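To keep things simple, chains are lettered A, B, C and D as they appear, and every chain counts its residues starting from 1.
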């Protein structure tokens, strides 16, 4: 697949100008310092082979991409019915940190686990006697899926998020007040902030996506990391909810299950074919990497990766 | 594929009890008279071969399934950018006839063309000097896709919808007040009501779905009925928005692009494999056929039709 | 009370510059043609004596000020409990033509009779075998309260409102769909548009206000035009809801029951003392006369008219 | 005024059965233990003379009645314009602890200082180098207005509120995230919970109301406790916002500026005549004392206390 290498190189080249159209996340000071001109991409096939281009070596914090793994763990640790009594799987037409629906809709349940409220609630439902155990369970899954045991939490970003995480505190306390979560909010958010602050590079995210492409099997060992059913649910929910209120457009433009993070990363899955990751810290107004989106749109077109 | 025939027969048998859990649409008097115990299914492969089971011969009005065809026509007749300046492609977390978002979100644009507001706006953008011409264009496409020139508008249902269509009038006048539509509301809704009242049976809908499965090509002649790009967009939007605020759950349960109608029909598409239709007039609370959904969920599992 | 004449003259002089800060109503073409520089005021005491200043002779359409009289009639013609099962008396924090609350709150009832939805519903509940009779009942009450039998509907404004009244049609059809109104929408809105288009000048409105100041008694004959209880309810609802979502601020600034119209008029009542009217077609963002508001604020301060 | 004593006695007698129609506040455990059958009333005239009936000696926590005093202090300590850039004075059609409007309306400002969000924000704007100083300033004003230096915070209720105050934490953190408040949330809410937990009896509240009736002057010494302008603003805002989303109905039924607390108290003001307090812990669905409301409605009718 030399072609793929050429294609990725070309995509980075042709889409770099989009970096100037977006903005780095302003509300987390540490993230706003990122270089908006970065653009990288990695693709990992179902045999674990990997292709990279652009700034693929640049580490970044995975932010909301961690929500995918929290969701995987929570699906493994709960029956689907028990889970949906707490968090539903409905797309939201509001922003990623919206609180309105917790008051007005869906019996106070978060609409889905890909937005902040739902992800926070999801962590609380992961197996673990303590919140530290819950963190370790999800963080381990991240490292296993990324096939990289060296991943670490970026302390500066973590502290920055913790300092400025008042909107997430509002979400968590609201859910606590309605019985949606029943653990200590500060500790729960500490886990949430640490998971958002896990630092990885494009190849790590591409490998994580490849596990989803393989329906939960390791591309390297063939071992089942989680159930097929879990993988399918996760990809379905990524498709309808993964890009926040931009999910509908992403399905049209790119046509793959995807999940973005405000650190500039997007994970995309081509079922049974590829796991893909892009990095581009300049975001559009909905919090998705602008140049990354464009690059995925082109890649999907060239390789016919649309699932529809 | 004798197996498929057996499978469909079995699915009808095993899921009929679900008919008793739902209710026929109450707000359109003529629809409330339907027999809630009906259950039928048809599947059409990409060569145009068809399998049927249960009450597949029973005609029913296609209702919101017509929105898929209006959307196809509007995509053919407008650039995508021009279109999304009028109607976006974002999932809604509100019901199919909700008016709230027209006032509060998205610059007064309907969130997507699969809910009532968006479908009404879409019709107004279809090619045609008059609303009658717009109707004929969409109705023709329905008949061509259904491979059935004998389809008719059910006059009793049409008149019933017209008589009780005040909520749709509210949606249309609201959009007129914000400039979202610029044609005469009464005439526009007349087209909308007639399209909803087109009567078809499961094989017709399955054949329509098969055209989408073939990316716009006729399974019978190979002729292109509409662009591949149109087909992909339509299937993407069906996936994120087709089952109203049940779209997220449908993606998880069934995993195919789908579109339901309050007449009890659901159209589902297995890309490059099958077009599927079910009939089951007993609806769940979100307006989707309850037994039909369950049958599709089972079918998807047995044949691995999930797109994820 | 020579002082009052001097005061009114001075208020017009001192507040005329505010006319340049607002804008005439844009959404009704005929209203946008009004001269924004007009400023007039009239006050009528409880003996029927009247003082005028500025452009007090200039006729204007009363617009939403007619809602006060529709409410008076509907209170006279229904028990309060029967009425509030259809329209409640709760302030709204949304704009005068908002439709959101009809879907999401208050069992689909309009929040109050001072906003468009509630006023439209109110008309339908006024006594009268036909909508024409309902119109005549309310229009008669306007003329009786204004002590002026020569008032007429401004045909140009009426036709302009009718032509551009799509937002009101949306409100009415929505209420029809939920059972909130059960008459023919077109006819009902015709009454609504005609009542909005009644043309009067400041002294007329001041006399109407004086009847409310006298708790329903005619300042000229002493005859009871409507019940004290009706007068009290109307003044209470004017206080909490009369200036749309600016009602809270008006209570603070002016401190009297008031009702504004987008034609630039404001009616204000000083219980047991004065009826007051101002004209100033340049509106603030909430649809209230900007210079009129300022003039009333000053008048209230100078004469200590605050009810609090 | 022997009549008044007789009247109050009679009102308690005649309205006690209403106590059985309501429920004590469930969401604060300590409040749910209150005796729902209690019913008391006190009235204080502008000379400081006081009349009492029923369970007037029973102490209760003043809860949201403290919001009136926080608002008085914040008005004294800030220019009105500076204040309204942070908190507006618009009625809300949502419940007392609603968070929706903080996200969707009014540039993230609380709609008014009589609902939880606005009251929390108000405290942060009161003069004081520390939150403890802010508490002391407001608590002192409560004691001065109540003419009772012995008032104390009920520790059991305070701790109960603190333990279960997650909804208020959500409100405060949301406002912190939008810049609406800039102090430490835990400390700020500690002040809020303590102010809600101040324990008083009907005569205390009646005396506080009497100060407002006297436009800020002490009925006992004639000294000005706060500006007339402050008193007028407070009474205006009580009228439009004081009974939460029941404010419109209270204006119609009772017709006086009022403020209720979920502890079962209501403070009502008859300008230039009386300060009134009722106690009745059985609440209606909007959180207002049911029997207390009825008693005030009767009292207002009998003494013609309506301000309209």
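To be clear about the criterion, a residue touches a chain if its C-beta (ideal position, glycine included) is under 8 Å from a C-beta of that chain, and two chains touch if they have at least 3 such contacts.
These numbers were taken from a predicted model, which means no experiment stands behind them.
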(message) Touching both chain B and chain C, which chains are there?
(response) none
(request) Determine which of the two chain pairs, C-D or A-D, is joined by the larger number of C-beta pairs in contact. (result) C-D
(message) Measuring between Cα centroids, which chain is at the maximum distance from chain D?
(response) B
(message) Suppose each chain is reduced to the average of its Cα coordinates; what separation in Å results between chain B and chain D?
(response) 54
(message) Just the number, please: Cα centre separation of chain C and chain D in whole Å.
(response) 32
(message) Between chain A and chain D, what distance separates the C-alpha centroids? Give it in angstrom.
(response) 46
(message) For chain C, give me the residues that contact two or more of the other chains.
(response) 104
(request) Check the chains against each other and report every pair that touches. (result) A-B, A-D, B-C, C-D
(message) Touching residues of chain B toward chain C in the complex: what are they?
(response) 98-100, 102-104, 166-167, 169-171, 173-174, 176-177, 185
(request) Spell out the residues on chain A that touch chain B in their complex, using ranges where they run on. (result) 88-94, 101, 105-106, 111-112, 231-233, 235-237, 239-241, 245-249, 251-252, 255, 257, 271, 306-308
